[in-house]
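Notes follow the structure.
For reference, chains read A, B, C and D in written order, and residue numbers begin at 1 within each chain.
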Amino acid sequence: MATIIWTTIGAILTLSVYSFLYKDNPFYKFAEHLVVGISAGYYLVIYYFNFIQPNVVAPVFLLRIGNEAIGLGSSMWWLALIPGILGLLLYTRFFPKFGWVGRWSLGIYVGGYAGLGLSPIMQARVLNQIGANALPLTSITNVFLIVGLLGTLTYFFFSMKHKGVLGVLARVGIVFLMVGFGASFGYTVMSRVSLLIGRVSFLLHDWLHLI
Amino acid sequence: MRRVFHILLVLLALIAPAAGSLEALEATPIIEETEPVLLDVVPPGPPCSLTVRDYLENSDFGDKIEIEWGLSPDDGSGACDVTGYILSRALAEGEVGEVLDEISSGVTRYIDESVEPGVEYYYNLVSHDGTSPSGRVWAGPTAGRANLFQWSRFSVLVLMVVFFAMVARFTAVAGKGAKLFVRRIPGLNAIEEAVGRATEMGRPVLYVPGIGEIDNIMTIASLNILSHVAKITARYDTPLIVPTARAVVMSAAEEVVKQAYTEVGNPDAYNPDNIRYLSDAQFAFAGAVNGIMLREKPAANLYMGAFWAESLLLAETGFEAGAIQVAGTAMVSQLPFFVTACDFTLMGEELYAASAYLSREPKLLGGLKGSDWMKVVSIALIAAGIIARAVGLESFVAWFQTQ
Amino acid sequence: MRRQFPLALCFIAGLFMAVQYFIPHPTVQDMYERLLIWLQTLLAFAFLLGTVSLVRVHYHKIRHRADDRGYSLVTLLALCLMIGLGFFHSAHHAQGSPFDRMFQNVQVPIEATMFSLLAFYVASAAFRAFRARTLESTLLLVAACIVMLGRVPIGDMIHSSIPVATRWILEVPNLAAKRGIMIGVGLGMMATSLKIILGIERAWMGGGD
Amino acid sequence: MNIFERFMNIDRRWIFLAIGIAVVIPFFFPLGLPISVTEPVQNLYDALDAIPPNGQPLLLAIDYAPATLPELEPMSLALLRHAFRNDVNVAVLTLHPAGYGLAERALNKVAEEMGQVYGEDYCFLGFRPGISAVILGMGVNIVNVFPEDAYGTPLNDIPMMDGIRNYDDIPLLISLAGWGAAEAWVLYAHQPYGQRVGAGVTAVMATDFYPFLDTGQLIGLLGGMRGAAEYEELIDHPDEGVRGMDSQSSVHILIIALIVLGNIAYFGARRKRRQMEREAA
């Protein structure tokens, strides 16, 4: 019984969102604002119990990192406090006078993530792709791949005017880009349609049990 | 005699698993007693050498030791009955220690990946023929040492240094005021034409800076282009409507437009009511912008910045209303919709290039020019790779295609 | 302390994270392990910061009697309800608990449905806005139609060459174009990261002194 | 206003209605058209199929949010069914907070259906924030990032995780995501640690992953509901994905028809207008 009621609530909300297709209305607005609150609350609780509690609170108050218990006698126990303190510093922005202190944490955060990404991006997105495209000129497909990549890179090359050979390559690049975007277009349409099918299936199958 | 022996072996092989399953039901020790009768009593020759050393080829954490040995004289030759080797590791000299692994015959190298860095280990190896082991050969002690540089990633470092040197250099040069060449982006002409037509028709220009936050680089690029657009509209006294989805973006847009109007010398034409915050919610924002398009009938719609699914809704209504539309975004998944529904689209990096071209800001120019020349390096590497592969130098491609 | 110190921290953290990739030595790797945990913690706290901002925005709307303050109230009440259920209900987030039910039957249907609206908008835009006005858009639309047919079962039925063409489009022109974009975007990302580490790009610091 | 223009100006709500009908009808009158399996899906299937039973676990990252549920949940269910049928252990985690409830829902459903035991055949590690920091951290030691599972049991007390230290002990990782998570696994798990990574993504993102497929940085890919349907065919357990394919066919046909009609009307109207202008001149 409880399940039927909950599913019906889900179905009514689904229909409220679809009412937007007719025009904007209070039902849609209600659902829209409701989901902002619900999701923020849900995320907060999940963040707390999945991360803050086991990885931040537990190491500080229960004094352990991972499975390694670290007693007060351990020389490194204070290290466990640092991330929590840095995290709390972010909240100084709500006190205009001390707002700048939060930038210390932000600096570590922004810099750290920027540094982490450098090499993997270079390897995964640049070097490996270049290597994979250094193909032997033995098949039409390989020639297409090489010319296509060359054209695309030329199209996004801004330090010279697109004239002569560069102009021709850039034109080739555009053709490849457009066919590539065509594939994205087709797939994106497919994606959106799948989402609709999923919702219709929810209404007809899970809620009304018609199919 | 030999044939009988073989038959017995086959029989044993057949019985052994069955015996195992019988054992599960009730222990029947009869088979076990017959086992020694079948043993090949001649043990194989031991491995002829054993060397151990810290693993060096691929720089490591100090948790690997490389073990190499010479094949037993009975492995592949001689009695030809070596079925494999058993490698053991101990912490003290003379002890056999724990069995690390059983290695099949014909192999002469093993990498122990489970050592503690800095701890000294002794290794020993026996060959066996399935029934009896050979004598033991010993080696050690040796310890895994941590390396200071991961040589397998050398190419990554080299190319990164090359790239960063170019970015830093171009940024510095641009900062000193040198004129760096960036070709004019065709999309900019399209923007100017669109604004021109709106002026002719006496209708407003609509500029949507996307729904990204202010720290999104697309939003930042968009604000640079907005400044350019605002200067044109200020000159012609054409109304410029800027709807935003983020409060912070709205205040930034206000600043940009106001300053542009002042710079052109027409500050009175600036209308703060035209820079509007509509809604943070994606679809509500799109709906509200569509409302503006239908009510205030702008003749030119410019969409520049970070767009997600709402791109479709905006471009469709704008097309329907008959406005000239120019879009620009680096969101690849939205580009197809803009390309098909707009008159001109700045694709991907063109948005950043346009922004750098207009603003002449050193940090934008530096990144753009650095990336540009890195593309040339990339093309050169591809060409070199093709040639290397053609002459059989596969290792060249492997050098930069590393893990 | 206000401007230079955070920039220095940013530089040190960024440089260390970039360089450690090449140094397998345990001294460096141990520090790296620790710093990874710090980064995660900071992200979690930054997320919670977002929730606080959300509350402030809606609280202000209610206080200043904005037109749509009723909806802001809905948002705040929903937030409080979820926090209450999550923290104070006995089995806080097990499957079948009221907290989980709210997620599965309120958040999931609304969010899932919002994006499915786009199926309708794609269809209407297909009819009213997607025009083959130039060579570019013609190419794009033709490729799109082939792929759309090639990826559904009915495409196989219409003609066996449609899935073959789809595969070719995906594995040759699409691959080359996307690879070009991937390289370009990758370089752009790295350039931006570098500028952040070097303190050239400091938008993250916000305005003020 | 000529006939073409009038045709183009129909209220778009009629189009909405047509789409609604095109989706619903195949549910009641299914055609059951055969679904052919493409290479990236087959590759992922083979990779999962090759994992030895009851040993090192498949790591399944259920990173999607509700917005992409209809495309990605069928993948979760199909992959879990395949793994459990082969007695492959599965450890599930998520990088998106909403993935918590969604992972639990998929995992509990299939585990119950196939009689799997928590802790021995599968476990749920929960959610961690930080994307790249989480993925890289797991490369060093999974316990650093997940000291305990989602229900507070220390990881070392979970039998199936015994001896599982980092990516060296994970034969295959599959990320299901409608956002950047799938690429993050390639960048931060495959690239530095050589982890074998497969992905299931929304169709919107699928075409952007072909460069990774080509290089082997991704060993297999499920793209959208169609990818899920193909996987369901491979494991012989048709479900949501297969069921949706007939509607997908009908709507695609309708949208292509709309594009063609729209263009005919547009160019027709333009020619008519030019003709009239010429006559007026």
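The definition used in the following text is that a residue touches a chain if its C-beta (ideal position, glycine included) is under 8 Å from a C-beta of that chain, and two chains touch if they have at least 3 such contacts.
Note that the structure is predicted; figures quoted are calculated from it, not measured.
Taken together, subunit A and subunit B share the touching chains C, D.
Interface comparison, A-D versus A-C: the pair with the greater number of contacting C-beta pairs is A-C.
If you average the CA atoms of subunit B and of subunit C, the two centres end up 17 Å from each other. Per-chain Cα centroids separate subunit A from subunit C by 3 Å.
Inter-chain centre distance (subunit B to subunit D, centres taken as mean C-alpha positions): 20 Å.
Residue positions of subunit A touching 2 or more other chains, listed in rising order: 20-21, 29, 32, 36, 39, 42-43, 46-47, 51, 55, 112-113, 116-126, 128-133, 149, 153, 156, 177-178, 180-185, 187-190, 193, 195-196, 198-199.
The multi-chain contact residues of subunit B, meaning those touching 2 or more other chains, are 153, 156, 160, 163, 283, 332-333, 336-337, 339-340, 348-349, 374-375, 378, 401, 403. Taken residue by residue, subunit D touches two or more other chains at 16, 19, 23, 67-70, 98, 100-101, 128-129, 133, 136, 141, 144-145, 191-192, 203-204, 207-208, 211, 214-215, 226, 248, 251-252, 255, whereas all remaining positions touch fewer. Chain contacts here are complete: no pair of chains fails to touch. Against subunit C, in their complex, subunit A makes its touches with residues 6-7, 9-11, 13-14, 16-18, 20-21, 29-49, 51-52, 55-56, 79, 82-84, 86-88, 90-91, 93-94, 99-100, 103-122, 124-126, 129-130, 132-133, 141, 144-145, 147-149, 151-153, 155-156, 173-190, 192-193, 195-196, 198-199, 202.
Across the interface of their complex, subunit C is touched by residues 8, 12, 15-16, 18-20, 23, 31, 33-36, 38, 65-70, 98, 100-102, 104-105, 108, 128-130, 133-134, 136-137, 140-141, 144-145, 192, 203, 207-208, 210-211, 214, 226, 245-246, 248-256, 258-259, 261-263, 266 of subunit D.
The part of subunit C that touches subunit A in the complex is made up of residues 1-2, 5-18, 21-22, 34-35, 37-52, 54, 68, 71-72, 74-83, 85-87, 92-93, 99, 101-120, 122, 126, 136-137, 139-148, 151-152, 169-170, 172-187, 189-190, 192-194, 196-197, 204-205, 208-209. Contact residues of subunit B toward subunit C in the complex are 59-62, 117, 146-150, 153, 156-157, 160, 163-164, 167-168, 171, 214-215, 217, 220, 282-283, 309, 312-313, 315-316, 319-320, 330, 332, 336-337, 339-341, 348-349, 352, 363, 366-367, 370-371, 374-375, 378. Touching subunit D in their complex are the following residues of subunit A: 21-22, 39, 42-43, 46-47, 50-51, 54-55, 58, 64-67, 112-113, 116-117, 119-121, 123-125, 128-129, 131-132, 180, 183-184, 187-191, 193-201, 204, 210-211.
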